[in-house]
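Read from first to last, the chains carry the letters A, B, C, D and E; within each, the first residue is number 1.
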């Protein structure tokens, strides 16, 4: 196994969340193919192996164990902070018990801040801005919008959703004490089929703005229900752009009312990213959604392995944990913070609506796309961490 | 307050009728054949995807007609070459058969339509708002769904009352051979019933598809709630299923509307110390948060105190 | 009545009634069965004989009246409680354990009475007394050669015999047999009569039967149930001669 | 009855206590096999797989106490497995840092006790009914418990669940239980204990009465038993063993989350038990081993593993309703009369075209998949080491021919094997 | 009407019918006698197609072996099973209605007729079939089959569990049925009644017919009776 770098991608490949999981795997394969065509990393080929965790923490551990038994040393996961936390704990334990065969966990989307704070680990890297970081940026944006008076929070009832709500409450209070939070709702994760009762509540509360961390169908169904009952508010979201979201927004006909904060969109006019997006879209015609976070994670991993000249996590982590990097979406300045292994990168706030003439990327063949409405540079997103990292001596 | 009550009532009715639309076929199959069709939601999904595909080419209305027909024929094939042979091995075997079927249908749907949601839209002819109350608009399409539910309910009532099919199937549950020897083609009737049952699921799929998300996981999402409807209503009772759908729709909708927890009623928790942490989860939980589990509470309570369900006749 | 005043009757029915909805099926039955008597209940189809058994054995709850077993009130008790007091019964419609072997069928019926109850710490195979009793019952009902067949695949008549086996296995001192001879051939019937005579020795037997030769052969006393009421209760000879009975039940085909 | 001239009375079950070896021999053999397995399958993957199988064997066996022995179809058995696991995990976390002398291998007892307690509680509610009503109550309870677990997030840890570190317990005999092999033996011992206990239970008066209740509950009342009590006891006891399984799972995975109490997990145990065969004590064991293996491994071989999984189950339910154990049990008379060698070649004869048919079918599935889902990868694909293009007719023709011919030959061979089988079986009766 | 030649039938491996030959003419009452377990019931079941028979069965000159039970029933054969097979959940009336075949025209037997002959059933018309007494079930099952307007009715042990007086009623009923032009194939344990109403009798032993003749001939043939009927 010395001549291949095995990367275990542990994410849902069947069941409810498979749509997002599959997109991630597609992108991993796409990246690996590109690298392999150029001769690989340090002459070694990249092999991406998908492991289906059915978005269940316990199954994830079984799959990680399986991956390790099959010679994988690098675990990549993103979907779900509950899963992420379980893997983080497992990796920590595993490395402690197997001091001569380390594994590393590259997290591209599980962004519960706990993962890089109280339960941070030397063997874990977070490539997406965590909930607090994103909320910091988002509230900075909201701060300038005078028309926002009443905010409603609706989130999924699990660690990530609670993290979103908590940070929203505290940061809004600090930055815009005049804003009234008229609702702070949690609903079960992927169990609700009919969101109209929630919409009725939002409407009754008189909110003008909703902030939500919902993703997947919890987002699509929410936005559709809102559209159907004519709820007249603006939406600030974390994941409106993920699989299914754009279709739903288009169906709800919410032109320019849905905002998203993330690490990048296709319509930033940055040629390298646009080319990659086109190539990718040509291969994966059915699901051309692109997650820059995955490109960031992989590129940085490869850079670290190249620099360290080894695919052994123990050897390349020192390179990775203090790396400076130009982010995928627009080449913006980014850096990995050594204290908690959190990547800081430029974040973008964008709005969804019909494409302008100079924009070339629509989403999910809807004819609508993302337009940048705000940008926060990496250094403006830095917030302190409580991480007390245990480093191997 | 009145506003939210009023809106909740309408929402509850609309949701309840959608539930009934989905559950009606299950009631038919469950009550008549005694088969707990775990694949019912899968046929519902097939209906949605067929509806989507047909509407792409021939418009929504052809989808509404042909998707159920297509699903019915698939259902009848499944019954003829699968379920029928399993029947004699008992209910558990039938149940597992349909369980296996859910995997197969799910994978086939993913093969054909992928894992991403498809863009299945409300037809233009129904894409307007029917009426507005308290600034909440109600789309015409939802009214249409309501109408279809009621029509199906009435039609099924009529068919079951007026024909002997119900009798024959019920008789066949205890002595299938004897029914045959009285000159009834039990096999064909079972096939028909199953076909009709899954066709109803497909109708629900065609209609719910545009309202909800048409995606390869939509079957799993529907989950056991349909069984709750059928059982709470009472096995073998269509009227029961109808009432139970409404009841569950309303209960869930109202529950979401109430943000009260024990803490709101009695003040903050009386306990302190380490144990309080765990206890307070209970103390602080709002009615809204437990809305999704209310149907199951209802199910357990009903079965304990009235095992034959709201309107069921037998407690098989 | 021939009850000796000093002994408590094995079964004592007084004012027993049963209705299903508006329909009165049992209309006030008073009947004493002294200990050790072989008593037959006859009557037209639908008269309520099986219902009477269901009332005594706890299958149905009486709408009125009382049932006493050896002087104890057992009215409306659950069947298992009545069974534990030493009353066992057979059913008109064969009612056995179809997937269990003949051997297990009978052994299960012996267990409670032998005191093993819900025991989950003892191995059944090591219960010598239960095994011996089972073997004895199977010998008596002439089914030893079928011991390891699943009861459900037995021929109809064999299932009937097993039904009786289940009823007598527990060694109860009051036995209710509902049409034990139904479906049996002549030869089998003869054998069964012998068996019933033997097992009911020193026990109380209450039996429903339409085969008059059996009834007159076995019974010490006969009650005639018509339309939910006992119209006569007497010795076989007197019953045979009773014109009302002849008219209501026996018809001309008296054997 | 008067014409059973032909049959001689088969030997009655003897009351003589059989020798020690005859009674316990099988368990000793099982123990030796369990002890030796890690030497045969020594890879890390094999070890973790066997650990999972061990917990699932206990779980499935406990489920069969309900379904197979007592005729109770429960949709909520995972509740006991899960609660057992949670309480075990809590107990472990509670003693960490204290100098409690409780060694790790005793913790499954806590799981078992939890399972028993909740078995008693939920059993009191659900076993008042039987049949469909019972099944639906268990479904409701399962949903209630698993959803409530998400609400009581401090106790159950929300979606994420709670984690433990099994190496934090006191190290008795130098066992840290860090290495998987030590966990394997822990599970193996508990598996053996539980299986023996559950087997012993089937051979008790209570076990037999459970069977009677399954067959004809009404009749049982007239031989003195309270059917509700019987159901209740069976339910509670099966909760006990499921709890032990859950405790072991907590130790093995070092994480418990609410999904493990859900309807999905209960469905899985129904599958295992049924596929293995509910009519036979060994059935659930076989089922647990096979289904666990497939769940883990099938996804490596093919992306559409769920399709094969579904087809397999459908096939099993249709053609082998008595499960794998049922198929094996059919061979027993052959073994007894030493006739297996006569039939075995015919099995092989049927197996060959059967495999051909399966190859053809999976080729069709894989090619469809290649063309419809893996469009990005292009039409070039590999199947059994052969590389070809899926968008030309030839492989399709080959696949269909393989499938059709395979099925046709299989059916013929199977019929032949059936004949030979029945001849071999009846041959025994002749002399 | 019915012509059976060399009929074989199996339950799994056991060969129950080993070449049965028999026939039933128009308007005829024919009985099959024999000891328990010789295969009398199986003969009737095999004619109905379950267990599937081997051999020739002709009904009104049409071969019916190999057809499905419901087909055979529609051709005009009615069957009353030994275990009665009342549908326990359905009411008495529904049980009777199920006897009517779909698309059936005028029948020789109607609901009213049943009520007239057995007022007891009318009283119970809305009670569940499972609640009926044994005797009532027997009446119900015969009437149910008659509702389907068969040309030939095969009845298995109709008098089992009936009170003597009811046995006579059944005997009369059967004769009445025959008078309406319905042939009857009867399996009966009670010699007396079979002998009285039958035109011809068969005696069965070990899966074959061992005697055929009129009741009088059977009475005369003590050998057959001793060997095969244990009388």
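Assume a residue touches a chain if its C-beta (ideal position, glycine included) is under 8 Å from a C-beta of that chain, and two chains touch if they have at least 3 such contacts.
Remember, predicted model here, so these are calculated numbers, not experimental data.
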item	value
For subunit E, the least number of touch steps when starting out from subunit B	1
Chains contacting each of subunit A and subunit B, listed by label	D
Labels of chains that are neighbours to subunit A and to subunit D	B
Of C-E and C-D, whichever chain pair has more C-beta contact pairs	C-D
For subunit C paired with subunit D, centre-to-centre distance based on mean C-alpha positions, whole Å	44
CA centroid of subunit B to CA centroid of subunit C, Å	49
Rounded Å distance, subunit A centre to subunit E centre (Cα mean)	76
Distance between chain centroids, defined by C-alpha means - subunit B, subunit D (Å)	31
Where subunit C touches two or more other chains, by residue	155, 157-158, 185, 187-188
Junction residues of subunit E, two or more chains touched	35-37, 230
Where subunit A touches two or more other chains at once, by residue number	157, 188, 286
Residues of subunit E defined as touching subunit C within the complex	35-37, 41, 82-83, 120, 123, 127, 131-136, 138-139, 157, 160-168, 189, 192, 230-231
Subunit E-touching residues of subunit C, taken from the complex the two chains share	20, 23, 42-51, 92-93, 155-158, 179, 182-188, 210, 212, 248-254
Subunit B residues within the subunit E interface of the complex	164, 167-168, 170-171, 173-175, 177-186, 314, 316
Contact footprint of subunit B on subunit E as seen in their complex	48, 50, 68-70, 72-74, 79, 81, 85, 87-90, 94-95, 97-99, 101-102, 144-145, 148
Of subunit D, residues touching subunit B in the complex	67, 73, 125, 128-129, 131-133, 136-137, 139-141, 143-144, 147-148, 151-155, 263, 267, 270-271, 274, 278, 304, 306-307, 309-314, 317-318, 321, 368-369, 372-373
